[in-house]
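For clarity, chains are labelled A, B, C and D in written order, and residue numbers in each chain start from 1.
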Amino acid sequence: MKRKIVAVIGGRRCNSKVEQTALEVGRIVAKVGAILVCGGLSGVMQAACKGASTCKNSLTIGILPGDDKEVGNPFVDITIPTGMGLARNILVVKTADIVIAIDGEYGTLSEIAIALQSNKPVLGIGTWDIKGVRKIGSLKNLERILLKFLKEK
Amino acid sequence: MKRKIVAVIGGRRCNSKVEQTALEVGRIVAKVGAILVCGGLSGVMQAACKGASTCKNSLTIGILPGDDKEVGNPFVDITIPTGMGLARNILVVKTADIVIAIDGEYGTLSEIAIALQSNKPVLGIGTWDIKGVRKIGSLKNLERILLKFLKEK
Amino acid sequence: MKRKIVAVIGGRRCNSKVEQTALEVGRIVAKVGAILVCGGLSGVMQAACKGASTCKNSLTIGILPGDDKEVGNPFVDITIPTGMGLARNILVVKTADIVIAIDGEYGTLSEIAIALQSNKPVLGIGTWDIKGVRKIGSLKNLERILLKFLKEK
Amino acid sequence: MKRKIVAVIGGRRCNSKVEQTALEVGRIVAKVGAILVCGGLSGVMQAACKGASTCKNSLTIGILPGDDKEVGNPFVDITIPTGMGLARNILVVKTADIVIAIDGEYGTLSEIAIALQSNKPVLGIGTWDIKGVRKIGSLKNLERILLKFLKEK
């Protein structure tokens, strides 16, 4: 059976508390056996990939806006340099079975909207308050929720 | 001098009141001399193009998600069939100097987010309440506001 | 009836003889009443737009790889800044009813291939020798050929 | 160190001899330790993925034109459903460090052109005869050539 894919989306700049959250989310994504896909840059994306990389058999995909593979953060295993700018946001979302949004600004909002338009489940952690996003108050239950969602897909 | 371009975004399904609004917005866009760009389909998009078409020298561009030019609404003058699905939303926004959002669902939300991320002014009429969107309560002042924004660009 | 659209494709660098050809091709496209679409940059693209601009009621569209409208050549009437890099080549081709390739390197080759894959007629002037491209030896007959093709579409 | 990525491009329909070649090419790509990326569909793409799947630790990525993950061939490990039609060809090429073209029609030609435009090495097996493509006469030496190219990148 194919491994499920979870997108972690969020800004390329974030404070250390958000970074800590993203690190833990990435670790949980890898722990439940899913592949992690993200925008491949810094901030939330880097922290999530770093968190995943602490688990055995983790796999991370970074879908970059630019053409240069070297721009991807060092914890990305597979780099996809699209050269398509904002259109890469769509690819991140479409690649995923579930989307986890952490913090973030307008770029993250566009990805949340694309995910909801594409009928993908969106879990939100301290992010935009949009109808359809399932708010996750604490990371304690994330592993359980993720496993449940991944089984349903 | 190049003609300014105004995007009108909104759902492909809408009620008759929203349609009436879109029709009037399209007319005003054309009246102030701007080119109207939209997603080229039905609902708000078709009504806006129809409204524009009632003005002399109007010009409307429809950027379609699919490959088939014939799917564009009959009031589109120039059809761009992208075959790129949701990525066409980005093109609609990037083509415009100003974005007017009317009503709409998740697709419209993604376009609002992309516009704000790209630092384009967004005027909102009965649409998503997002920080950065300038709410327009009545169409009475739209012509004046539009002229002011277009002069500043 | 909607105006037909003709794409003129070719390199952003060209010698003065090719430039002269592109200028004349652009003029003919506008003369037969078609809208000219191109990649919006310099070289063949700029010369074709300039040629078109010498005709009354001409209309030129430049679909740019980058995000910056100002990069478009001065003879483009409608600028579409895609920010999608090479993917803009696909948009140029898809927007057109007929493609005219002049000179050009690998970028032009990719556009020829996309056009043929999309079943668009491709006229070639001193360009890649690919099965399916109709070679035009002299510009004398281009107006007649173009009118014939546009009527068939 | 990141694993290198090799694209295998070619038509979605092919005869059994070409299929045999693609199968063997896919096997060699996996054997040298590279990740295989392709368009994810049938024909050359499926055969290459199948060939790769016979090796331990192989990994295959299928970048689909459509939205539906289920359309990918059964030997794809990671499916990226772009919904961007022909623009997915660009993504296949950009993801790769080296491109191997087998047989193919206009779609393959566009990918060869995009690869050469992007300065990626292109190895050709019974495919379009384009300046810049390195023709591979026999698969005997492919493993050695591939290892050499991958080391240089």
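Going forward, a residue touches a chain if its C-beta (ideal position, glycine included) is under 8 Å from a C-beta of that chain, and two chains touch if they have at least 3 such contacts.
In this text, all values refer to a predicted model and were calculated from it rather than measured experimentally.
Chain centre most remote from that of chain A: C (centre = mean of CA atoms). Set against one another, A-D and B-D show the most C-beta pairs in contact at A-D. One rotation lays the C-alpha atoms of chain A on chain B, and its angle is 180 degrees to the nearest 5.
Distance between chain centres (mean CA atoms), chain C to chain D: 31 Å.
Chain A and chain D have CA centres that are 27 Å apart.
We define each chain's centre as the mean of its Cα atoms; on that basis chain B and chain D are separated by 41 Å. Chain contacts: chain B has residues 67, 82-87, 90, 118 touching two or more partner chains. By the touch criterion given at the top, residues 2-3, 5, 35, 61, 67, 77-84, 87, 90-91, 94-95, 118 of chain C touch chain B in their complex. Chain D makes touch with chain B in their complex at residues 67, 82-87. On chain A, the positions that touch chain B within their shared complex are 84-87, 90, 105-107, 109-110, 113-114, 116-118, 130, 132.
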